[in-house]
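Residue numbering begins at 1 within each chain, and the chains themselves are lettered A, B, C and D in the order written.
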Amino acid sequence: MVQVQEAAFDLGAELDSFGTGLADMGAIVSFTGVVRDVDGGLEAMEIEHYPGMTAKALEAIAADAMGRWSLGGVKIIHRFGRLVPGDQIMMVATAARHRKDAFEAAEFLMDYLKSRAPFWKKEHLKDGAQWVAARGEDEDALRRW
Amino acid sequence: MDVLYFAWVRERIGLPKERVETSAETVRDLVAELVAREERYEAAFADLSALRVAVDQELSDFDAPLGDAREVAFFPPMTGG
Amino acid sequence: MVQVQEAAFDLGAELDSFGTGLADMGAIVSFTGVVRDVDGGLEAMEIEHYPGMTAKALEAIAADAMGRWSLGGVKIIHRFGRLVPGDQIMMVATAARHRKDAFEAAEFLMDYLKSRAPFWKKEHLKDGAQWVAARGEDEDALRRW
Amino acid sequence: MDVLYFAWVRERIGLPKERVETSAETVRDLVAELVAREERYEAAFADLSALRVAVDQELSDFDAPLGDAREVAFFPPMTGG
């Protein structure tokens, strides 16, 4: 259900294996986060995490989603380490009978991942490095649920 | 107890983890003990509203009792996803 | 941007090719619809469409989404013909800088696809065949937008 | 003009497409002409609220003028996705 890893993942293969055996689930939603170089100066994105806590925190978020919506399954993969623009950082996938459940659960997972999973991003720019600040709107997004 | 630091908290304090002997009753008391030690702790803990804490790998708050906690971690707001 | 086809599609390969060249887009959302056998008696799902109109209708829906949200791209694939439980019927994918745009646009595409694209489903059950009726809640879903 | 039928409308009428010579001014007038022909048309068009129409491959309504339309299609509410 949850993978925390340094290695890249194959989104297509992950979604295929996720969908297999869920034939009574009509709706599968995925979200993929990609490192983006907004201002053109990003050399790398370093992702730090809290090894002892990360998998547990993600599993708790996944279990929370399973309890709130009628889902056939949830998958979360999150990478750590040094990534470059264009690299996939993470993915979530949800499977449900109805598309509304699959969409809402995927958005919920993302909102919680952003602000409640112990990851921190550091941008390595051409002219220095800086930690990415949490955004107020990400914290606000949790109030929906 | 083990005290862990992540992201810029780790960088300011200059280490990722240390063993701390303490009889602090709450997280806030533990922070006060650390701040009293050295300037780099004072710099790291200057604004608690900019920090988050986990006690035994569960998100917690600064007024939480430490009880028999074996691991306390300090870090900035998380930026996953 | 839009494909209407009888053949199966490879979700992973489609998402990979969709994401390529969108490196400044941090958020990719996909929805995949799968034929589900809710009551255990479904032998096949036959999908009829209106060849002269289908691609145009899907392109109009995609263009509408591009106009309403800040998106880097939209992809729609919809199959027709005879499918069996577990087969993928269709997919949409959206790419955006921000996850909210990608999620909302994908939900919008799905809501419009359900009720405004000229496809009709016929269920072939063990004991006969029947056309799938449109659901009032699918029509209601359009009012959100 | 070409008149097309899909899904159960096609099945009730018994053909997917036919050429119709008409001077009907609106979709509704065209339906009335078809219904007057044979019982299978009457059966297909019995409840217009259960039908949708496209004029020249654009969704339209039953009061739309036909003008120079070359293709009119009748079908039940769509069930894509």
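Just so we're on the same page, a contact is a pair of C-beta atoms (placed from the backbone, for glycine too) under 8 Å apart; a residue touches a chain by one contact, two chains touch by 3 or more.
Owing to the predicted nature of the structure, the values given are computational and were not obtained by experimental measurement.
Participant: Taking each chain's centre as the mean of its CA atoms, which one is farthest from the centre of chain C?
Facilitator: B
Participant: Could you put a whole-Å number on the gap between the CA centroids of chain A and chain D?
Facilitator: 48
Participant: Taking the mean of the CA coordinates per chain, how far is chain B from chain D in Å?
Facilitator: One centre to the other, that is 72 Å.
Participant: With chain centres defined as C-alpha means, what is the inter-centre distance between chain A and chain B in Å?
Facilitator: Chain centroid spacing, chain A to chain B, equals 26 Å.
Participant: Multi-chain contacts only, two chains or more: what residues does chain C have there?
Facilitator: 33, 99, 110
Participant: Enumerate the residues of chain D that touch no fewer than two other chains.
Facilitator: Those would be 81.
Participant: Mind listing each pair of touching chains for me?
Facilitator: Touching chain pairs, listed by label, are A-B, A-C, C-D.
Participant: Contact residues on chain C for chain A in the complex?
Facilitator: So the residues of chain C touching chain A come out as 10-13, 15-16, 19, 22-38, 85-86, 97, 99, 102-103, 106-107, 110.
Participant: Of all residues in chain A, which touch chain B in the complex?
Facilitator: Contacts found on chain A: 33, 48, 50, 52-53, 56-57, 78, 89-90, 110, 113-122, 131-134, 139.
Participant: What residues of chain B sit close enough to touch chain A in their complex?
Facilitator: 4, 6-8, 54, 57-59, 71, 73, 75-81
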